[in-house]
Amino acid sequence: MNNIYIPHKARIASIKQETADIKSFQFELLDPEVRKNFKWKSGQFLILSVFGVGEATFTFANPQTRAEYVECSIKKTGLVTEAIHDLEVGDIVALRGPYGNWFPFEKFKGQNLLFVGGGIGIAAIRSPIEYSLDTRADFKDITILYGGRSPLDICYFDKFDEWQGKKANLVLTADKGSEGWKHKVGFVPAVLKEMKPSRDNCTVITCGPPIMIKFVLKELTDLGFAPEQIVTTLEMKMKCGLGKCGRCNIQQLYVCKDGPVFDYAEIKKLPDEF
Amino acid sequence: MANKLITQENLKALVNELAASYDVFAPKRENKNTVSFGKLQSFEEYVSGVLLTNTTAKDKVYLQSEQLFQYELKKDTVEFKEKAPGKEAVIFGGRPCDARGFDVIDKLFNWSGYEDGPYTGGRKNTTIITVSCEKPETTCFCTSFAGGSPADGKGSDILLTPVSGKFLAELLTERGEKLAAKYSKYFSEAGDAETAAKAEFAKAAEAKITKKLDLAAVKKNLDASFDSPYWDTVHLPCVKCGACTYVCPTCYCFDITEKKFGYLNGERNRTWDSCMSEMFTKMAGGHNPRTDTKRRFRQRFMHKFRYHVDNFKEELCTGCGRCIRRCPVGIDIRKVVEEAK
Amino acid sequence: MEKEMQEIAKKLLAEKKVDWVIGYENSFEPGASRPVFMNKPEDAVKLVFNKSCVNNLAVYLPKIKKQKAAVVAKGCDLRSVREIIKEHQILRENVVIIGVACEGVESSKCSTCTENKLDGVDFTVGTVKDLGRKEDMSDIEKFEELSSKEKEAFWNKEFERCIRCYACRNVCPVCYCPDCFANRLMPEYLNKVVNTAENKVFQQIRMQHVFGRCTDCRACEEACPVGIKLSLLTKKMSKDAKKLFNYESGKDTDSRPPLSTFKVDEEGIAEIM
Amino acid sequence: MARIGVFVCHCGTNIAGVVDVKRVAEYALTLPGVKYAIDYKYMCSDPGQNAIIEAVKEHKLDRIVVTACSPRMHEGTFRKAAERSGINQYMSEMANVREHDSWVHSDDKEAATLKAMKLMEMSVAKVRRSEALSKMYATVEKRALVIGGGIAGIQAALDIAEAGHKVVIVEKDPSIGGRMAQLDKTFPTLDCSACILTPKMVAASQHPNIELRVYSEVVEVNGYVGNFDIKIKKKASSVDNKKCISCGVCTLKCPSKRAQSEFDEKIAPRKAIYTPFPQAVPNKPVIDREACTFFLTGKCRICEKVCPTQAIDFNQQDEVVTEKFGAVVLATGFDIFDSNVYGEYGYGEYKDVVTSLQFERLINSSGPTEGHVVRLSDKKEPKNLVWIQCVGSRDESKGRPYCSRVCCMYTAKQAMLMKEHYPEVNCYVFYIDIRAAGKNYEEFVQKAQNEYGVIYLRGRVSKIYEKKDKLIVRGADTLSGSQVEIVADMVVLANGLEPRKDAKSLAQLFHVSYDQYGFFTELHPKLGPVETAIAGVFVAGACQACKDIPDTVAQAGAAASKVLGLFSKEKMEVEPLIAKVDPLVCSGCETCYNVCPYSAIEMEDREVSRGNLKHVAKVLDSVCKGCGACVGACYSKAVDLKGFSERQVYDQIETVTQ
Amino acid sequence: MEVKEKKLNIVGFLCNWCSYAGADLTGLGRNIYPADIKIIRIPCTGRMDPMMVIEAFHKGADGVLVSGCHPGDCHYSEGNYYWRRRYAHLKELLDFFGIDKRRFHASWVSASEGKKFAEVVKKVVTETQDWKDSNSK
């Protein structure tokens, strides 16, 4: 029987506490054969099993160019994520995937890239950021705008040096600053407005809370960006990841199958049900 | 494929013999008002006259709750155990709309590049023997759909139609032929007369179905009506239970959950889910894209008559009318989609 | 009678006394009816009342909290309306009750109905007659006599076919919780898996929750797509509420449900400990 | 991230003698989340606690389970140990394997060990779901409200005021003083009641921290300990107190004779504009509108004409003010039992059957007869007087099974006073038995009998009837076993005490519970005699139970000290193990609001999420005591109780049954 | 007592102030009772949600005992009155569903009734065993 619901076994190889409620995990697939053949592309997602609790969907936080482990950054929001946060290095989990589509980098070649991330949304664009940095020559300017509620809510501090080292222009902002915070203070859309990125030959990859996305889109539209230039990844409740269980259905699309990566032109055609 | 004949007596004998070696599911009386597909011990239990069993035969293949696998956590690993394949089964006495439902969801479970083993495994294991309907109900509207008819065999392996005191048995699939061959002693050859009689039967039965949806118009209206104020009021009588989805032969949405036994063991289960439920799309953080009842109500009809058509070129509905009859508040799917604008 | 009802509805809508009139309209086949929501005076002609008007329309009231609605209510439904008002799900001033003098609909409850009086309604349609029917608890008493094993076997058979569509819950006027325990994950009160044991637990808890609030209106039984005999349970509970706490739900709008109050000296539950 | 440490105590041989503690510790290590487990001789000892602290540090534990004795014994100890080790004190649990296991299952060591493992496992399951909680604090409005201006209220107010806090006394009558002001002399010292009370009344009225609100009532209560919002209604007195100079001319000139003096127990008339008694505090008259000729007929206005300062204001209205208080003392006192219930005594029918309070007024030199005891029927001095005790006390058949505690004493007092004033009269007392348990009380009663010659007859009076101008009192003398008949001129009923008629409605305003008679229920009959179940509400005096003046004063002082204790802190510490409502899930059915014994639940209309205005429950943190009645009652499971949360309990249930 | 093949699984919910303390006293007095009961401490029987009882039976408990303060003695003044009502109806309801009355018990045990608690547990165990024996026939 072709049981597509049986996941690959994996063990937790490392855990890093990013913020009070976000941790980054590295998973190592147990079966060497599976490990060898397990390939994904930036933008795709996986379904993680925590035994005793159930499954939940996460995007790959690392790109295919750094595929030693499978990495996810996970915020504690519900039952499964709470249980994942309870796990320790060496604990056994399982995952299935990769599922969904990916960022069409071949289309972005030779362009400027602007990444706009907010909150845990950064987990979804860390992979394309690092992918673009690993294939740096394919792109022109790479700018990363990343904001959190407060300085304490910013993840990936350990990665920033490397990103900047590879000639990415990193702009950090916090809704509310604190002592010692040397970066910007303000909401992501406001900072974006201030940055005035040029629309010419530029693709924007964005992910964040719905309210942020809404205003980022508005700012970008004001700056003259065409909907096709803006790419995001949608978050929907998913169970199967296989285009069957029906809950990520928006119009004729199944986010798990046809997404999660969409450009704004496609999204504009969809009803407001995500 | 071949057509055969089987007499009433032989049918009884066949079913009784099948019941000995297969799981035979057929309409069975549960109580005064309830007839559902249940495991048949003998032909006597079969309730022949009922068109609309309370629930469909869907759950005899696509179980309402199905174990996907069991796990056992070991030191440094985990082991999975899959359920042994079930006994071969026969679904007997369902109606063309029930069988058609399987045809519709078969496509879905083989779609998107993934074959859904837990479903297709059971499906391949099941032979569907359907009986044509002579006197359709007021809620029936199968003829609205392409090829839909009270005597249509889509999805069936064998279709039985009463003709001249016997049944014409149309063997529609390999599975159907195999079964008929195995029990060939009960069948005799059918001639053109019987085939013609069947056509007459179908025509007569179809004529009795007065309600026919103009599906092209429905699709067009639904395409345009997503933001229509129509949905603001039409959903009001709906109480948002899941009865319609659970009695539907084509509703396929499901949930995957876990049940644990102690610290180390557990099972992963798949259970039908309903787009009418608030939990269907509610995310862990509390965000719910279809938070209000209007959106959930609209989703059901849009999915069945618009989105699914976009993807599969057919409606997610077979016109059985069960949802109309089983709806506690009498919501009529025909009316809802027809009036959408 | 229908004419009278239509006139009232028309007037209420025309004078904008209410946003909605909730009543019954003809349904998919002759002799069938279903609930209808109307907000235009010209729609009022749709209103019907006949033996098929089984639905308890009180279930809709908590959902239109912020608006004003007129609702067609039989004597039995009226009890649910009162219960909902009592439990603060709607304000009395926001609901116009159109009471109908009912002599019975196609429901199992009607043969023993003693509830067709229409005290406290805003409009009365028809004339209330004394139906001369009597309460009959003999079926409950008979069931109580069974052994635990027999009782369990009976319910196992009933709940084996439950499909957990939650129609029973969703048509129940007093099951208005915005988030039912059955949906919860932390803790998980009920596993999603549909099997006899879980189905039974759901109904045990639901019945416990509606105890002393349930008016034995039978909406759940009428709604059940697989014909589970829920009236046995609801009737048992109304019997217990009366016997243990001398309480009948839906008789007024201000007394406290039996589990929301207590007496230092309980007469109904003599030394139970 | 659960990193649980399990510490299995031997308790010498108390546990280890029965339970295989090693096995329990080993089993613990197999449980998910348990990173460390040891067994140790005495966990509660200093080395034991230090072992916990070190283990927490070394193994980075974040929760601990101590498998030892009852949490009622050592929960505090290990919470403190947890805190010292750097983890939140509420992240510790105990498994009770001594009282609930080794001591009661010593007959079956294997079963006891298995049970110990299970109990430990349950505590591990519970602690896994524990949340770090911090101590909570609430602000305190340092202003007290005393309800009732009798001796209890006055004393409590003075004590609080003396300590430097503001106090408001609310009194429903036009003057403070209460019952004590009506009395003549007090037992057992026979000192004059007014002489000891009046200075207190004056002190209260003149104290800079005390504000008197007479002729006022509490009408609504909101809020909770430290922050009560209380509505007080001041009834219209029709006199402008700022202008009134208390000259008394208005009362003198008032022609109305309709009303009977409440203060004199209705044995004398009073004017429509009046002060209840000459020494009233404040000494400002009020107009009884039901008796006032002007209010009844529209004519008269004599008081207005004679008032030298134009203080009469017929247009005055009731006034309601809302004020904030941090604490409340209920001191509403008592009524006497309704004599009419005893039909056989002919009260009301025979004018010379009087209540004990009426007798107090008769013998009081400031009373209507200026201390001359006369029959109400013919104003003649009585020669033979009979007291009947236990009128409305110790009488199950009249619904008053309790002893009123003061009647024996005041009967003796009244008889003695009678003898003192009129040595030639005969005083008889019918009694059931004498309760004189107080300092110098028994001696006092003995003195009445032996020195004053009051005749005590043990028995009940069965009937009183009138014969010419005499009252024939027929009763039993159970000591001699004979029927007696006394020809009396006057009969005094020693009425028992009961709560004020309106005490129940006041209790309901405050959600203070009361017993079947209406006495306010104290928090604990022994250990919380002045507190109530409602934090910040205290009781003093006869409203809580029958008591005499010294006990009342003592309790008033105690209540005051409780108030002062509360006021001694800027903020109150409150236990964080309280209920919490999830407004998104709440259905607003008010079930929790109905069942909360502390009124700790408030219903509010609130926007729970954007655009979603709902009627939902809210827990008032500083009022909630964490009983969980709301959680047990909530149908939508919108309420949860910290420390005994749904997840904790359900995980424990799951652990027991698996 | 005879040796049983299989132990019973009985869940005891005891209120912190009376019955839990009473059970402590049982221990202090070394009054032996069967080990089949495992105790969950709750603040008050008012905290007892009937769902907890249903869940316990659902998860496989053979018996359930809920014990609290005597009426009038509740630490929180009223909790046990509410529980008394819930119990009265829940027992009926569960019995109607086929959960035998011998399996579900409630008692009042004060902090000073150590001996009584042992007696209560013995009674619960005996009755539950009785049910189990009759049910397995």
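For clarity, chains are labelled A, B, C, D and E in written order, and residue numbers in each chain start from 1.
The rule is simple: contacts are C-beta pairs under 8 Å (C-beta built on N, C-alpha and C of every residue); 3 or more make two chains touch, one makes a residue touch a chain.
On a predicted model such as this, the values are computed, not experimentally measured, just so you know.
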Contact steps required, at the very least, to link chain D with chain E come to 1
Overlap of the chain B and chain C neighbour lists contains A, D
Via touching chains, chain B connects to chain E in a minimum step count of 2
Note: of the two pairs C-D and C-E, more contacts are counted for C-E
By Cα centroid distance, the chain farthest from chain A is D
Taking each chain's centre as the mean of its CA atoms, chain A sits from chain E at a distance in Å of 52
Rounded to the nearest Å, the gap separating the Cα centres of chain A and chain C is 49
Cα centre of chain B to Cα centre of chain D, whole Å, reads 69
Between the Cα centroids of chain A and chain B the separation in whole angstrom comes to 39
The positions of chain D in contact with two or more other chains are 584, 595, 633, 650, 658
Residues of chain A that touch at least two other chains are 78-79
Expected list for chain E, residues touching two or more other chains, is 50, 55, 78, 82, 86
So, in the complex, the side of chain D touching chain B is made of residues 31-32, 584, 658
In the complex, chain C touches chain B at residues 20, 27-29, 32-37, 39, 55, 59-60, 63, 161, 163-171, 179, 183, 191-195, 219, 222-223, 225-227, 229
Within their complex, chain D touches chain C through residues 516, 584-591, 594-595, 603, 613, 615, 633, 635-638, 646-647, 650-651
Listed in rising order, chain B residues that touch chain D in their complex are 261-263, 286
Chain A partner, complex, touching residues on chain C are 185-186, 188
